[in-house]
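Okay, so here's the structure we're looking at.
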Amino acid sequence: MSMMKSLIFVGPGKIELTEKKIPDVGPNDALIKITTTTICGTDIHIFKGEYPVEQGLTIGHEPVGIIEKLGSAVMGYEEGQRVIAGAICPSFSSYACQDGFPSQDGGYIQPDGTCACHGYKATGGWRFGNIIDGTQAEYVLVPDAQANLAPVPDGLTDEQVLMCPDIMSTGFKGAENANIQIGDVVAVFAQGPIGLCATAGAKLKGASTIIAIDGNNERLAMAKKMGADVTLNFKEVDVVDEIMKLTGGRGVDSSIEALGLQSTFEQGLKILKPGGTFSSLGVYSEDLTIPMAHFAAGLGDHTIRTALCPGGKERMRRLLNVIESGRIDLSEMVTHTYALDDIVEAYDLFMHQRDGVLKVAIKP
Amino acid sequence: MSMMKSLIFVGPGKIELTEKKIPDVGPNDALIKITTTTICGTDIHIFKGEYPVEQGLTIGHEPVGIIEKLGSAVMGYEEGQRVIAGAICPSFSSYACQDGFPSQDGGYIQPDGTCACHGYKATGGWRFGNIIDGTQAEYVLVPDAQANLAPVPDGLTDEQVLMCPDIMSTGFKGAENANIQIGDVVAVFAQGPIGLCATAGAKLKGASTIIAIDGNNERLAMAKKMGADVTLNFKEVDVVDEIMKLTGGRGVDSSIEALGLQSTFEQGLKILKPGGTFSSLGVYSEDLTIPMAHFAAGLGDHTIRTALCPGGKERMRRLLNVIESGRIDLSEMVTHTYALDDIVEAYDLFMHQRDGVLKVAIKP
Amino acid sequence: MSMMKSLIFVGPGKIELTEKKIPDVGPNDALIKITTTTICGTDIHIFKGEYPVEQGLTIGHEPVGIIEKLGSAVMGYEEGQRVIAGAICPSFSSYACQDGFPSQDGGYIQPDGTCACHGYKATGGWRFGNIIDGTQAEYVLVPDAQANLAPVPDGLTDEQVLMCPDIMSTGFKGAENANIQIGDVVAVFAQGPIGLCATAGAKLKGASTIIAIDGNNERLAMAKKMGADVTLNFKEVDVVDEIMKLTGGRGVDSSIEALGLQSTFEQGLKILKPGGTFSSLGVYSEDLTIPMAHFAAGLGDHTIRTALCPGGKERMRRLLNVIESGRIDLSEMVTHTYALDDIVEAYDLFMHQRDGVLKVAIKP
Amino acid sequence: MSMMKSLIFVGPGKIELTEKKIPDVGPNDALIKITTTTICGTDIHIFKGEYPVEQGLTIGHEPVGIIEKLGSAVMGYEEGQRVIAGAICPSFSSYACQDGFPSQDGGYIQPDGTCACHGYKATGGWRFGNIIDGTQAEYVLVPDAQANLAPVPDGLTDEQVLMCPDIMSTGFKGAENANIQIGDVVAVFAQGPIGLCATAGAKLKGASTIIAIDGNNERLAMAKKMGADVTLNFKEVDVVDEIMKLTGGRGVDSSIEALGLQSTFEQGLKILKPGGTFSSLGVYSEDLTIPMAHFAAGLGDHTIRTALCPGGKERMRRLLNVIESGRIDLSEMVTHTYALDDIVEAYDLFMHQRDGVLKVAIKP
C-alpha cells in the first residue's frame, strides 16, 4: 500500500505533516501528483479552528501537478500531463451548476428532492481541503476530473499558474461582478492577494480610474503594478473624503470589497454612486449593517453582489490564457518558497505576515 | 391671474386645500389639467412629517389629465390631448439618465463638475410633490415635457391608467430586477398596492410559482387575482418554514420585498437559494442588518438590488400597452373615489386603511 | 441476451421497426424504459435522407419513461422512478458546457487540444437519434445520466410532459433569446409545434402584443390559445403591411422565426424596429440573404440570435414547473396516439400533415 | 449679420468652402466655435454622392471647440468652456432614446403616433452633416445641448480628444457589443481608424488574444500599438486557416467587422465558435449572404449585432476619462493637419489614402 505525506488538521491551533494512504481512483477521478501548492487565508482560519473541518482532513485547495492516474471514464487526458484544477471543483452535473451557479454546487436541491445543506455552509461547492482531502500533500484526488482538469501550457512555470485555482479566479470574479463599463471609476478595498487580483481584473474589464485602498504601503506599491491609478493608505487619509474629492462628488461606479469587515463594507457603500454596484469578495464573520444614509433608504438603484471563486476547466483555461498573453504576471506575488516538509514553518510565516509575505509556494 | 385649488403641506400632521396661481409655462414645460390623481403611501409620510418637504408645496405625484398648454419647444403633442406622466419625471438629459439610471437624475455630478446632492436624498429624480408642485391640484406643470408626456389610448378609463405613473411602474420594476427566468419560484413580501403589482409583474416575467405573503386575507385574495399561486398569511403560518417546505428545501429563486422592514428583509434572504436575487422595493427607515447565517458569510453568489420607480414616456407607453392588452386590470385596486374638495377626508381614510381601502381616486 | 424493438433508419425513404440488443449500462449511464415518445420534424428530415445519420441508428429524441437500471456512479435516483431527459443531452463537463453553451457540446475544443468537429455539424450536442441510439424504441440509454435525468412530478401525464425534451424547450428558448421586455410587441413567424411554444413563451416573458403568423387557420386558432393577441394568415393579408399598421409604423420589438425560410427571415427583419432583436429557431437549408434595406446598412443596432434546444435536468425541471403550475397545457398539441408497433404508419400521417395532426404520441 | 466659413456639399464629386450665416441659438441649443474637426470615411461617401445629403449642407460631424453662446434653457455650462459633442447627437427625450437606443433617435414612432422614417435611413439619430449643418466650419450649432455638450478636461489637446465624437465611440462599441469575457480570443477585421479603436476596445474589455487583420502592414503595426497580440496580413496568409490553427480548431469567441464587405463578414462567421458573437461595425452597401456552412444551419447559438456610434455627454465623459487615464493615446492616429481654408486639399489626401494618412486634423 503506497503512502504519501499530507498536512492534516488535528485541532484548533494544531496541524501536522503525516502519512496517508494514496487514494483509490474511481471512474470519474484523477490522481494528481502535486508539484506546487500554496497556503490560503482560509487555511489560516481552518488552522485556528475558526472554520470547522473534520479532524484528520488534508488541508489546501490550490493544485499544480502531474496526472498520475486517470479514472476509466475520464477521456482526452494523458497520464504525465501537467494540469491545474480550481479550488472549487464543481460536479457540473448538479441543478446548481446547470442553473449557472457551479460554485454553489451542494447548496441546492438533490435529485431525490431533499436538500443536503440549506441553511447551507458558507462554502457552496468547495471540496478540496473542506469536505475531501486537499492539496497540501504529495497527491490529491480530483473528483469529476473530466470537468475540472485544465492542462497547463508549456512555457509557464508553476509559480505563474499557482494563483489560477483560487486567488486569481476569485479576484477576477470580483471585477466581473462589479458591472464595469469602459470609462468607469472603481474602488478596491484591501490589497491582499485577492484584492490585488481584483485590481488587475478591474483594469482588464476597462475601468479607467482604479483606486486601491490598503493600510500597507508595500501592498499599495504592488497594487500600482497590478493596474491601480490611485492608491490610498487608510492610515494616512480619510478614504471616503478623498474618493468623493477625486470623483468631483459623483462617487464611484463600483466598489469591490476584498476583506470582510463592516468598516470597508460601509465605506464601499458610502462612496457608491446611485445606480452603482458593490461587489463583495470578503468573508464576513459577523452580521453586516447597511446604513440607510449610504443606501438611499433602499431607493438608490444599487446592486450588491457576492461571489464564491469560480472553478472548472473552462475557467482555468481562460485564466491560463490571460497569463500566457502576458497581460498580467502574478508570479511576483509568490514571495517565498518552502518544501512540503517545512510547511508548518511556512504557515507560521504566512499567518503572521512576516517578511513582506504575499503568497508562499509549497513544493512536495 | 388665474388661480387653482391645490393640496399643500403646511406642517407635520397638517395639510390644506388652498388656492395657488396657475404656473407659467416655459419652453420645455406642459401644463396639465388634472382629471384624476391619487394618494400614495409616500404622501402619508409627508403628511406625518416623516419625509420632509417644503412648507406650502403641493403634494401628489400621479397625474392623469388633459394638456392645457404646451411650451414652445415641445413638439408632437396637442393641447386637449389626454396624457399621463410618471411620478419620477427625469430630464433624460443628465449624466445619470444617459448612464442608464434616469430615476437617479439629481444624484449625479452636474455639468459644472459639482454634485447637487451626494449624501443624496433618498429620492433621486423624484420631482412632483417633492421638489416641485405636485398633482393633487387642478393643474400641474410637467417639466421636460417632451420626454415625459405619454398619450393615453382611447378606450382606457382614468382608473385603469391611474397606477401607471407610480405603483405599477415600481411594482413591475421589482419583478424586472428580480432576474426571473421561466420556471422560477418567486416570493413577494407584502401585498399592498406595490406588492400586488410586483406579484402581477412576476407572473408577466415567467415565474411559475409565485408565493404572496401578507397578514391581511383580503389582500391575499387580491394577490391571487394578480397571479399568486400560493398565499401565506404570516399571522397564521411560519413563512420561512412553509416556503422551505414548498420548495423542497431548495429556497426561492428570487425574493421581492415591498414593505421596508428588517423582518421581511431577513425572511427574504433566509429563503433565498444560493445564487438567488433579492429585489428590494421597500423604503427603509432604519439601518438594515444582513444576518450572515442567511447570507452564506458573503459567499453565496447572492444579488441584492434596490430600485426607484422608473419614469419617462417610453416606460408609460409600455405600461399602457400592458393595460390595453388586457393582461392585467388594476382598476380593481381603486376602491374609493373622492372629489378634490374632499381630499383631506380621503387622506384620513387611506392613512387608517379603513373600509378595505387599497387606492383612492381623487377627481378635481 | 435481452432484445428490444427499435425504429431504425435504413436508408433515404426507408425506416424499419426491428430488434436490437438492450444496451449495457456504463458507470455514468441510465437505461430508461420508454413509456411515451414522439416524432419530430427533424425525424422526417432523417427519414427522407435530407439529414444524414448512420444506417441502423435508432431514431427519436424525446423520452418519457421509467428508470430501468442506473450506472454505478449515478446518485440520487431510483430504479422505477419516472423521468424525462432533454433531446439535447449534454455532458455538462465539456469546455462548451462550462462556457455557457451546453447545446454546443461537441463543437468545441477537446481536452487534448483538437476539435472534434469544427466546420461542425449543425447539431452541436444533440446525441439521441443523431449520434447514439434514440428513443423510438422500448429502451434508451441516457449518457451522463446524473446531469440529464429529470424526475416527473406525480400527477402529470406523459402527454403533458412529452413536449419538454424538445419542442417546448426550443420554442421557449426562442422567446428567451428575443430579449422581451414588459410591454413589448413580438411577432412569431410560423405556428407549427415549435412556433406555438414560442408564442406561449413570448407571453410568459411579458410581451403585451403577440402577433402570430401562419397560413393555416387551425394553427392560428391554437396560437390564440397559446397566447397570441393577433393572428395573421399570410395567405389572406400582407403580413408586413399589417404589422407596420398595427404598430403605428414603429415595427416590432422582436421577431421570432420558427420555420427556416428566406421569406420569413426577410419579413422578420423588415418589421423589426431599430434596436430590435431577431430570434431565429428555424433550420435553414439554404444560404440566407440579409437585405440591406431592412438592416439599416448594418447601422440599426439590430441583434440576430440563433439557438439549439437547451437540455439538462435543470432546464427540464423548470419546464416541468411551468406545466405543473398550469400556466400552459401542451397536451392539446398531442392530436394522435400510436403504438410503437404502428410507428411507420404514424410517420406517414405526421409527414403528410393529415387529419390536423400537430404531434403524435408513440407508446411502446 | 455675422458670417462663417463652411464646407458645403454642392453635388456628387463637388464640395466647396463658402460663407454662411452664423445660426441663431434657440432655447435648447449651443453655438460652438470649432477649434479642431476631422474628415471621416462617411464624408467621402457624401462627397462622392454615394450617401445622399441636401445640396448646400455643411459636412462634418466631429466637433472640438469653445462654447460661443448658450440657449436660454441650457444650464450648468459657461460660454468660453471647451467642449466636444458626439457625432450622433440624440435628443435623449424620444421613445428610442428612452428605450435604450439613443443612436436610433429618429427611427421610432413619434409622439403623435406616426413614424417619421420607417424604412428608415441607415443613419438613425445622426444629425451633424447629415440632416443639419455640420462641423467643417467655423461654428456649429449643437441641438439638445444640455444632453450633448461634454467639457474637455484641462491638459488634453484637441488631437487627443478628436476621435471621441465618432471613431473611438464607434470602435469601442464594436468591442462592447462583442460580449467579451476575460480570457477571450477576438478577431478584428480591418485596421482603419475604427478597426484600430475596436482593437483597443477589445483589449480594454479583457480579451487575452486579439487578432488584427488588414492588408496594410503599417496599419498592422499600429494595431500592435493599440493592443493586438497577433497581426495577419490577408495578402500574405489565409486568414481563416491561420486563425483556426491559432485557436487549436476552436474558433474565436468574437469577431468584430470594421469594413463592410461580404468577404470579411463571411470570414468573421467562419472562424466563430458555436455560441460566439459577431459584432458588426461595417457599413454594407450590398445585401449580405450568410453561408449556412458557417452558421450551423441556424443552430449554432450565434449572435450577430450591429451598431451605430453612441453619442451623448455621458458617453463622451467616459471616453475622455479613458484618454485622461493614459490607457490609450489616439493622437498618434492624427497623421496630418490642415487649415480649414485647405480642407478641399485635405479631402483629396484622405480620400486617396496618400502619405500613410490615418486621420486629418482640420483647424479653422
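Chains here go by letter, A, B, C and D, matching the order in which they are written, and residues are numbered from 1 within each.
Note that in this section a contact is a pair of C-beta atoms (placed from the backbone, for glycine too) under 8 Å apart; a residue touches a chain by one contact, two chains touch by 3 or more.
Here the structure is a predicted model, which is why all the values come from computation and not from measurement.
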Subunit D and subunit A - chains in contact with each: B, C
Interface with more contacting C-beta pairs, comparing B-C to C-D: C-D
Subunit C and subunit D: spacing of chain centres that average the CA atoms, whole Å: 40
For subunit B, residues that touch 2 or more chains besides their own: 95, 99, 113, 317
Subunit A residues within the subunit C interface of the complex: 26-28, 72-73, 75-78, 91-93, 95, 97-99, 102, 110-113, 144, 146-147, 149, 151, 312-315, 317
Complex contact set, residues of subunit D against subunit A: 172, 176, 181-185, 201, 204-206, 208-209, 229, 317-319, 321-322, 324-325, 327
Touch list for subunit A against partner subunit B, complex: 95-96, 99-101, 103-104, 107-109, 113-115, 118-124, 244, 247-251, 260, 273-275, 280-293, 295-308
